[in-house]
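The two complexes that follow have chain A in common; it is paired with chain B in the first and with chain C in the second.
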Partner chain A sequence: MMEGLADLYATYQSTLAYIGLNGLLALSIYTSLSCGQLALGNAGFAAIGAYAAALLTMNAGAPFPLALAAAAVVPALVAIPLGLPVLRLKGIFLAIATIGFGEVVRIGLVNWDYVNGAQGLVAIPQKASVGLIWIVLAAATLLLWRLRGSKWGFALEAIRQDEPAARTMGIDTASYKLAMLMLGAALAGLAGGLEAHFTFMVAPNGFGFSRVVDMLVFAVVGGIASVWGPLFGASFLTVLPEAMRDLAPLLGIEPGPLRMLVNGLILLAVILFLPQGLVSLGARWRERRAARARRAA
Partner chain B sequence: MSACLEVRDLARAFGGVRAVDGASFSVLPGEVRGLIGPNGAGKTTVINLVSGLLAPSGGAILVEGREVQGLAPHRVASSGVARTFQNIRLFLDLTALDNVLVGQHRLRHPSLPSRLLGLPASRAEERQARERAAALLERVGLAERVHERARNLSYGEQRRVEIARALASEPRLLLLDEPTAGMNPVEVQAVAALIRQVAADGRSVLLVEHNVRLVMGVCDAITVLNFGKLIAEGRPAEVARDPAVVTAYLGTAK
Partner chain C sequence: MQQVVNGIFLGSIYALFALGYTLVFGVLDILNLAHAAVFMLAAFVALALVGHGLHILAAFPLAVLGAGLLGVLLERVAFRPLRARADSNISGLISSLAMATIFEAVAYLVWGPNVSRFPFGTIPESQFHLGGAVISRLQVTIIGVAVALFVALTWLVTRTRLGREVRAVAESPRAARVLGVDVDRVIAWSFLISSALGGAAGVLYALAFNAIQPDMGRGVELKGLAVIVLGGMGSMPGAVVAGFALGLTEVFVVANLGASWRDAVSFAGLFLILVLRPRGLFGAAALREA
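Let's turn to the complex of A and B:
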């Protein structure tokens, strides 16, 4: 029995780790979305966190906890000079500016010889376990979950729904938006730092535009009305390709393209039929059951 | 007695249009001041300027003696100004109670670690905030609707939640932009009584309103704007007789 579990863990260790990492990345997008900001610089922040942590453990011999702290703090600090100008932008303009930031980071790393350019860093010590990844995810979830319903949670919700009205309530909206951008950068950076020390390598092209699209899809497919949506979306879309791995040859398609095809179809279906995300299915189901109970009574 | 709000030579242009053009007036503590004028006179622009949503192109705005013109809206709010909106701007996905909780923002000082850990101190602070918010909703006659989402409330109820949300910050100056638009006569009476109560608490009210009976009945003094300029000022009965006001509203016989 124990041996069977150990085998199972060995087989699915990577999937379990990526559920945790993708969950963190989905939450990192959710932080800005929770106050209505479509900020898409998180692949760049994840790259900064990954490189900062990996350089510290590899080149400076720093202890891993210190490197992990740097993976959170360095991107959060970078978010300040980025956020001050770009958070004045709204909607699609903010999205484009932050995507631009992500590309600047990626191209900067490609052209930086000290970190081996496009080849990236290899032989990073393996320090991050699945357990650690999940502990960090649990802490991030707890933080964001406890914010809801607090003074700050209501302020964020007010900013999301009507920013000018929120400002006349005495809410310093610019500071809230910057704080959430920094928190999102820290979470993305943590995911990057953990990933680097789990897979022992990082390369700039792992943090391209498609990576941030993945994060956004996790959050939107799961639903951004609560902290659970992004987590569910990330888990679902991480496990699904594994489940489809055996299906692909039967359909005569490579697993990679099949995954993109299915992700695209799911995103389309969710946006068309479930704009509140997959987690809203649960609420709908409860409402229907309550309505049936009322009719029966 | 020094003024709660003093507006001096206030000006704001939109392109070539001078929406507010050198208006000066003041509101005394505990006074209900009506701000009236024909459509396009610049009344809402004055409210937007005083609350900081717009920056003036000239002039000064003093709240309790301190200049606030050009300050960000949240800083103006901190100096004791709250407002409602002509086109109701509630947080529609929040309940009536939660809207009022947002209104308490600047008065609440909970501790973040205490909240994250769910400590009793933070629970007590939240319970008090909820009780205060519920009491305000009761005061505007919405005790039964506390947990209803704002989007499910009637128009008149939404207007009253907005007033409760503005009062939640315990403002020195309350700016009401057409608070009774779309209300039935019974609701209008209730709002009139509420405005008098607010003034009796020592708060000043600047009331933009088209309902003449409400304005005449509830205001201590009235300021009349036309094309962004002040054309008359005084007690309601005086203003109603003022030839300039009659001309502005009805035009002149040629």
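Let's turn to the complex of A and C:
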């Protein structure tokens, strides 16, 4: 029995780790979205966190906890000079500016010889276990969940619904938005640092535009009304390809394109029919049942 | 001189791509991230038509038309249902991403992940010299087609009834509706024209580099963003000028700093413009800041 479990764990270890990492990345997008800001620089922040942590453990011999702290702190600090100018932009323009930032980070790393350019860093010591990834994810979830019910949470919600009105009511919208951008950067950086020490390598092209699109898809498919949506979306879309791996040969198509096709269709269906994400399905279903019970009574 | 020619040539493709991008943005305030997927599919459609024995001069307009129809499909499926929503510009961005993923998956399923090429002899090989630069007939044709399309679009937007209606909807959909404009029809036409331009850019790009891949749209997608931001979101002359500017700058950066810095130009430029002058070079002073 124990042996069977151990086998199962060995087989699915990397899936379990990626559920945790993708959950962190989805939460990192959610932090900005929770005050209505579509900031898409998180692949860049994850790259900065990954490189900062990996360089510390490899070249400076720093202990892993210190490296992990740097993975969170360095991107958060980078978010300050980035956020001060770009957070004045609205909606789509903020999204575009932050996409530009992410690409500049990636191209900068490709051209930086000290970190091996496009090849990236290899033979990073493996320090991050699945358990550690999940502990960090749990801590991040708790933090964001507590934040939601606090005075902060109400301020963020007010900014999301109507920013000028929130400012009129005396909420310092600029500081809140910057704080959430920094928090999102820290979470993305943590995910990057953990990933680097789980897979032993980082390369700049792993942090391109498609990576941040993935994060956004996790969050949107799960739903961005609460912390649970991004977590559910990340888990669902990380496990789904594993579940579909056996399906692809049956349909006679490659697993990669099948995964893309299914992801695209799910995202489209969610945005068209379930704007609150998959987690709202449960609530909807309960409502319908309650309505039916009322009618019966 | 050679660099200038190459820059103008690359710039004309960027400009064509960005024109379609900025047209939809101007009309709807929506970023259509599936534009690059249409760019890619049009190239594949042209390839398939050439593969069936059609001459490239016949395949090109058909592929462009196909791209336009894809645009109409895109509008019906991904944008029209969301139009009434308060956050339609962000949800529209996400649904267009979904469509881009679906289009790309379809291209992988039909044509596979490898680079496809036009059969030998599709493209005339002849070259001539002009003031020390070597120019191929293909390059001249591509620049010529691009310029012809710029002229046609300018005429369409400034001189025709549809153009006036497009501009009215861009100004204010509500006011246009009050004045009797069929807003849904105008938006569908905008998507048709926009995607046709994107498709034309895709076929020309594929001919220029003779390489077609399902992910060929990705790089152009972000560069197109840089171009429309630089030119001023929604500004068509801006998109053309910025497209040529980017093409020329990239060619000079590759010649002087090396190929790996090429993409840094567009993103650093995009970033600086948004921070320093959000309306771009030619954009109207709209409310882009909160």
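Here, the second predicted complex is superposed on the first by the 297 of 297 C-alpha atoms of A that agree within 3 Å, B and C clash if a C-alpha of one lies under 4 Å from a C-alpha of the other, contacts with A are read in each partner's own complex, and residues count from 1 in each chain.
FYI, contacts are C-beta pairs under 8 Å (C-beta built on N, C-alpha and C of every residue); 3 or more make two chains touch, one makes a residue touch a chain.
In this text the structure is predicted, and so the values were computed from the model without any measurement.
Of the two partner chains placed by superposition, chain B and chain C are both touched by A:164. By the touch criterion defined above, A:96 reaches chain C but does not reach chain B. Of the two partner chains placed by superposition, A:119 touches none, neither chain B nor chain C. Of the two partner chains, neither chain B nor chain C is touched by A:14.
Between chain B and chain C, more residues of chain A are touched by C. Once chain A of one complex is fitted onto chain A of the other, the partner contacts of A:146 are limited to chain B, with no touch recorded for chain C. Of the two partner chains placed by superposition, only chain C is touched by A:85; chain B is not. Common to the chain B and chain C contact sets on chain A are residues 164, 173. Residues 142-143, 146-147, 149-152, 154-155, 157-158, 161-162, 164-174 of chain A touch chain B in their complex.
If you check the complex, the residues on chain C that touch chain A are 29-31, 77-78, 81-82, 85, 89-91, 93-95, 97-102, 104-106, 108-109, 113, 218, 221-222, 225-226, 229, 233, 260-261, 263-264, 267-268, 270-271, 274-275, 278, 287-290.
Residues of chain B that touch chain A in their complex: 51-53, 72-74, 76-78, 82-83, 85, 89-94, 98, 101-103, 105-106, 108, 110, 112, 115-118, 122, 126, 129, 165, 169. Taken together, the chain A residues at the contact with chain C in this complex read 38, 85-86, 88-93, 95-97, 99-101, 103-104, 107-108, 110-111, 117-118, 163-164, 173, 209-210, 213, 216-217, 220, 253-254, 256-258, 260-261, 263-265, 267-268, 271-272, 275.
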